[in-house]
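Handing you a structure now.
Chain IDs A, B, C and D follow the sequence of writing; residue 1 opens each chain.
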Amino acid sequence: MKKLASSLVRVRYAEADPMGVAYHANYFAWFEVGRSDLLRGLGFTFRELQQRGFYFPIIETQARFRRSARYDDLLDIRTAVAFVRGVRVGFTYEVHRDDDADNPLATATTVHATVDSEGRPRRLPADLHRMLA
Amino acid sequence: MKKLASSLVRVRYAEADPMGVAYHANYFAWFEVGRSDLLRGLGFTFRELQQRGFYFPIIETQARFRRSARYDDLLDIRTAVAFVRGVRVGFTYEVHRDDDADNPLATATTVHATVDSEGRPRRLPADLHRMLA
Amino acid sequence: MKKLASSLVRVRYAEADPMGVAYHANYFAWFEVGRSDLLRGLGFTFRELQQRGFYFPIIETQARFRRSARYDDLLDIRTAVAFVRGVRVGFTYEVHRDDDADNPLATATTVHATVDSEGRPRRLPADLHRMLA
Amino acid sequence: MKKLASSLVRVRYAEADPMGVAYHANYFAWFEVGRSDLLRGLGFTFRELQQRGFYFPIIETQARFRRSARYDDLLDIRTAVAFVRGVRVGFTYEVHRDDDADNPLATATTVHATVDSEGRPRRLPADLHRMLA
């Protein structure tokens, strides 16, 4: 079972800063696109999970920005499950541009709590846990 | 009773585009800051109104961008009530920079529906209606 | 020659508001995706045009938001050239969701100045003008 | 010499997500507000530094999100210089809400390269280095 996703995003003008490169805060929105696509590939959507009362707020992140992505670049966000453990789930990300597939522009990890709609810790739904673990 | 608000916002690096000026989509987030401050000045907050089941989705906007706001500029968003009528409320905005107080950088209007949490038309709460009208 | 573009965007979690629907300011970033794709379809990119010294700041917009787009919805942004005239170019937009292709969620127009890197009026490059007009 | 800044930001509706809390990517824009205010307090602005040919792209970040900030919350972003070393400068951040001043909602660090307009390593300007170190 694939626990990877590849998401294409093109850097929007709205996402580029005065140096003409993608502003770093936008990477975190792209990583969320990656998580969302990864779950979709496993047959789940965050929207459905939320309707079932499962939420995944971020509690921790680390990111390294090695080279810049410019406005209009087409990027490949590669997302993978890092771990699933109790009420925590972790993901890793690589941001690639096709001119140099071996050297990601950026790498990151995020750790998420799994909670209910009130923010109380709640284990992942069993069906999703099975798919991710 | 004052039905005006003046909101200071400084253009963030995240809001500036490759030309070094504020990306236009951000003005609409600033206008919402203006609406929010206007209501706060009347003793209301959108958050409390939402908790009471009142929402104000935008249904229409017009905006003119006359001159650019640059990164780090300090702007004054001047918001006023344009009308309150049935299940509609309208606002006007002027974006000023202090180097030329008479000529706004941008002007805009927004029209909002007043609805409940399910999106059904719902008249403004009577206390707020009295304050705005 | 096609002067239309169809751009698919999926509503990101980062773009959804507390009502669970796409925050309206994001539509303006999507419209820019539409303009960008329309030009790309004609063999141009905004990035190349900028490198040649042509910029297209927005000077005016009108938008109507008829129904909400929700988080995770897949939207079709349909962009068309409205007019090209002197140092002005206009575009129209319709935002569609496939559950009701005949009734756009939103419609809008934008008018742009055509300027050089210093913001001075500058006619569109002849090759691009020919393609758009 | 103060090498700290305290920046007040109110969570905008545009920054709140479907759970009603501030979307995490926005914290990184707020940290940049903090850096900007810290430099301003020392008599510098990023805009002036950029005009002098100094840029500070982020190369690394770590962040922990402990509790959520809600829409309309007033937050205090406390920024400090962590280190200045060769062509690197580091900052730390704490995000506070006044209902619990001792426990930050979030903490983070960012590390930046100091480069020229072409992205080549360039030591901080001597006057700024003296102020920060």
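Here is the rule we go by: a residue touches a chain if its C-beta (ideal position, glycine included) is under 8 Å from a C-beta of that chain, and two chains touch if they have at least 3 such contacts.
The structure presented is a predicted model; accordingly, all values stated were derived computationally and were not measured.
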item: Which of A-C and B-C has more C-beta contact pairs; value: B-C
item: Most distant chain from chain D by Cα centroid; value: C
item: Between chain C and chain B, distance of the C-alpha-averaged centres to the nearest whole Å; value: 23
item: CA centroid of chain A to CA centroid of chain C, Å; value: 27
item: For chain D, residues that touch 2 or more chains besides their own; value: 13-14, 18-19, 23, 25, 28-29, 32, 71
item: Chain D contact footprint on chain C (complex, rising order); value: 13-14, 16-20, 23, 25, 71
item: Contacting residues of chain D [partner chain B, same complex]; value: 10, 12-15, 28-29, 32-33, 36, 45-47, 70-72
item: Residue ranges of chain D touching chain A (in the complex, touch as defined); value: 18-19, 21, 23-26, 28-29, 32, 50, 55, 57-66, 68, 117, 119
